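Pasting the structures here.
Okay, so subunit A shows up in both of these, paired with subunit B first and subunit C after.
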Partner chain A sequence: MSLLVLKNIKKSFFLKNSVFEKRRSIEAVKDISLTLEQGVCLGIVGESGSGKSTLGKIILGLEKPDQGEVCFLGKNLHNLNSKELKELRQNLQVVFQDCYSAVNPRLTIGESIAEPLRNYKRLSSAEEEKQVLELLKKVGLRREDIHKYPSQFSGGQLQRINIARAIALKPKLIILDEAVSALDALVQIQILNLLAQLKEEFQLSYLFISHDLQAVNYIADCLVVMHQGEIVERLDDMEQLEQLANPVSKKLLSSVLPPFPGYMKCEEI
Partner chain B sequence: MRHQPILTVNNLNISVSTPLEVVHPVRDVNFALQSGKVLGIVGESGSGKTLTCMSLLRLLPENVKVEFGSINYRNQNLLECSAEDIRKVRGNDIAMIMQNPMIAFNPVRTIESHFIETIRTHLPITKRLARKVAVEYLEKTDLPNPKAVLKQYPFQLSGGMLQRVMIAITMSLKPSILIADEPTTALDATNQLQVLKQLDKLKKEYNTGILLVTHDLGVIAQLADEVAVMYGGYIVEKAPVLKLFNQPMHPYTRVLLESRLGLTRKKIQSVSPLSTYSKNNDKKCPFLDRCEEANHSCTSYNLEYREYEKDHFVRCVKIHESVGN
Partner chain C sequence: MKLNIKMQRTLLNHKLMIISSIIILGMIGVALFASFLAPNDPNLVDIAQKLHGPSSQFPLGTDHLGRCILSRLIFGTQTSLGTAILVMGFMMIISVPLGIIAGFIGGKVDYLFMRICDILMAFPSFLLSLALVGILGPGLFNLILAMVLVQWVFYARVIRGMVLSVREQNYIVAAKICGTPKFVIIMKHILPAIISQVVVLVFMDIGGVILAISSLSFLGLGIQPPEAEWGMMINDSKSFFRNYPSLMLYPGIMIFIVVIAFNLFGEALKDALDMKRAGGGVE
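Right, the complex of A and B next:
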């Protein structure tokens, strides 16, 4: 059984530019089908506005699709009562791009990380602290950090805290929505290496949403390219990245800057 | 032949006073910018690159002070000239574009009114003429349908388009220096390329000197002629771009270069995660805690900034030792 199956997902939003205008609909996601197996990292790339984040939100159950099914662990996510949904969500976690707004500034990070544990498990406070410390250690933070507040951390450290929170319940799937895009090059590598290591350790699956083909290439096992709400190309073997054929994928490929000076990419386009 | 630099920064030291202590985020920064050239400044967040840029136009917040040093632009020390004079320099001679174009525009005014305001502040021309100038420069950006763009509000354009509009506005005054502070960080890859292309055009057509601040080495490789690497408030290495990429000397520069992601699936070793800068003004190497090549001689450190080869400056005691002896 596949971990996650998406069948013909559609989602549109309504908007209008001025008070007098008739409202019009924008199809953010058009007819998308996907399957994701256990222990696999699937990269979703596309330009801004291609619908990749909307797709992530649909899988999380934060947006309801107009049509189609999201089957996670064999159950249709949008067809469950709240009790069953809560049960299922243990296995489904998310890390967002903006790490500062993803944590409550008034909770210490120990409390933030303990939140999912409190939601699902009845632990004594000593047991809880033990688990939180273990998670902190796993993501490379220190014991003392447990009593600090989010404002005392840098972006890269906070993103690691978000990851610690996401793995607290040992989920099956983590959705990483531009999780490394806002970080410096060195920190980016650290986070990517951490994610790769955790994936091995817990047999995690990732849905890695990004516009950065280089980061996706570093961590993903397979890849889909999205454009205007549709999947325009799929790639099962990352070694064949250069062989992407669709014009959209080619544009993404060609906008990766060469690593050495001397090639003037600007002039080609 | 070497040209006279258009902007020189000597010994720039900046201090920030907080209720608890005084920290020194920028120390001993020296560089010179030539017209028609791009000087790239690379460094991680907190290395002092943005503060350096802000100080050039005297845009520092109140609790941040330039302790000593000088910034010379056309025989004029920008740190000492009057508020009136610096207003004339801003925009007209030295322009700046910011990281997030969404915040830099006023959301209740059209692109056109931004253009007209900027142009008319510096040039004595009529609104009608200013509008013509605006169309002319917007056409040069290769944005589709420039006339329609003028009538739009900032939130109707994408980040990449806004950043290109921003560059068009700065171009319309033909500044001799452009400070670009992380111009493409907030943009996706395809937009990034178009913005870089436009910066390149600005440099070639108007002979503008560009100070390009970024943490992305790909952007540097693309545009810069000379690169300064900043760490912990110091410039730790400065060299022409090819030399820096081919023969990095400072350990931090090497780590940076090794950590570039590419399209090959090579595993990259990550360096120790903690970056704690020494906040007080002791003369210790800022990279000491993370440096893998550090030895006993590094602890008693004099932070000499030495020219190792022509135009190649390094601030590392180990390299001085190995070359000097």
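Right, the complex of A and C next:
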């Protein structure tokens, strides 16, 4: 059984909600079908506005699709009562792009990381602290950090905190919505390495949403390219990245900066 | 240079905050210990002593019924402040939960809430309070009821707006996704995020509430005689204004000082919180 199956997902948004004007709508996601297996990282790339984040929201159950169904662990996500949904949500977590607004500035990071644990497990406070410390260690933060506030951390550290919160319940799937896009190149690599390591350790699946083909190439096992709400190309083997044929994919490929620009120039000459 | 101005502003703010909070605390103290501080019984009528000037027995003189003005001013603090705090308290009890519910749940609940607001806000609020007291009949309870029923919408709407801006933060979405129940999200994430702004709102507006209560009492629709209240004292003294202007002056000054103190305190509080936010420092 596949972990996640999307069948013919469609979603439009209404632009104007006026009495006098005819409702206009844009189709953010048009007829998307996808399958994701356990332990696989699927990259979704596309320009901004290609509907990839909307797709992420639909999978998270934050938006309801107009048509089609999202089957997660064999259950239709948008057809559950709130208790079943809560049960299923344990296995479905998210890391956002904007790491600064993803943690409550008024809570210590210990409290932020403990939030999912409190919702699903009845732990004593000593047990809870033990688990939070363990999570901090897993994402490479220090023990003392547990009592600090988000304003005392850098972006990369905050993203580690968000990852710690996402893996707290040992989920099966984590949606990484541009999770490394706001970080600088060096920190990006560190976070990607951390993600890859956690994936091995917990048998996680990732849905890696990004516009950055280089980052996707670093971590993903397979890839889909989205353009204006549609999947224009699929790639099952990342080795064949250079063989992407669709014009949109080619554009994304050519937008990847060469690691040594000067060197490239010499070679071209 | 810019920093200098900012520092000056901070200091000025500091001073304003200290002065206004001293006045407010003083007024609250006077209200609490009115029966100890007042030299005479504020409601004791003695026609033989009417319209006297200041003396050792009546430090600010007596009014047209021979009642001690200072004692009435002191007891008036109790009624004016107490009523204003009650009105503000009831308004917050109604508008904070409703504003949060409308803002957080959104959709049809929010739509319905906004339409109710539109209807209530289409009328001038003071006039509506006036009409309501007129219908219900004058009296302290009806005054509070009328003011709360009319004005809660303004606060509920502002609070709804605050909630809307917080609701879109990622940490709320993340809390939803990691299974936090709605009630816990409201209590743990939303309420702490807006509470400081709500406090500022309360302090900025309580002066207005005191003014409105005094105005309604002046019109004879609020607190009823013989209870002492500043607005009513002004009303009582209006026939003697030409010969004894001080009768009207004292309660007027009291209203002025209290309203100004609350406004300045609210303003300073707002600046202080803004500064904190702009600094982005450690909380």
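By definition in this document, the second predicted complex is superposed on the first by the 253 of 269 C-alpha atoms of A that agree within 3 Å, B and C clash if a C-alpha of one lies under 4 Å from a C-alpha of the other, contacts with A are read in each partner's own complex, and residues count from 1 in each chain.
The rule we apply is simple: a contact is a pair of C-beta atoms (placed from the backbone, for glycine too) under 8 Å apart; a residue touches a chain by one contact, two chains touch by 3 or more.
Because the structure is a prediction, the values reported are computed rather than measured.
Visitor: Check whether A:215 is in contact with subunit B, with subunit C, with both or with neither, and answer first, second, both or neither.
Guide: first
Visitor: I'd like to know which partner A:238 touches here: subunit B for first, subunit C for second, both or neither.
Guide: first
Visitor: Touch check for A:250: first (subunit B), second (subunit C), both, or neither?
Guide: neither
Visitor: Check the residue A:151 against both partner chains and state whether it touches subunit B (first), subunit C (second), both, or neither.
Guide: second
Visitor: Is the number of subunit A residues in contact higher for subunit B or for subunit C?
Guide: Of subunit B and subunit C, B contacts more residues of subunit A.
Visitor: Please work out whether A:86 is in contact with subunit B alone, subunit C alone, both, or neither, and reply first, second, both or neither.
Guide: Second partner only, subunit C.
Visitor: Once the structures are superposed on A, label A:137 by its partner contacts, choosing first (subunit B), second (subunit C), both or neither.
Guide: A:137 sits against neither subunit B nor subunit C.
Visitor: If you stack the two complexes on chain A, which partner ends up touching A:185: first (subunit B), second (subunit C), both, or neither?
Guide: In the superposition, A:185 contacts subunit B only.
Visitor: Between subunit B (first) and subunit C (second), which does A:49 come into contact with in this model arrangement: first, second, both, or neither?
Guide: Only subunit B is touched by A:49; subunit C is not.
Visitor: Which residues, counting only subunit A, touch subunit B once they are in their complex?
Guide: Listed in rising order, the residues are 17, 47-49, 140, 154-157, 160, 184-190, 193, 211-215, 217-218, 238-239, 241-242, 251-253, 255-262, 264-267, 269.
Visitor: Would you pull the subunit A residues touching subunit C in the complex into a rising list?
Guide: 60, 62, 86, 89-90, 92-94, 96, 98, 101-107, 112, 115-116, 119-120, 149, 151-152, 162, 165, 168-169
Visitor: Can you list the residues on subunit B that touch subunit A in the complex?
Guide: My answer: residues 44-46, 156, 158-159, 188-194, 196-197, 200, 215-224, 241-242, 245, 255-256, 259-263, 265, 268, 270-271, 273, 275.
Visitor: Please give the residue numbers of subunit C that touch subunit A in the complex, ascending.
Guide: Contact set of subunit C toward subunit A: 169-171, 173-181, 184, 188-189, 192-193, 280-283.
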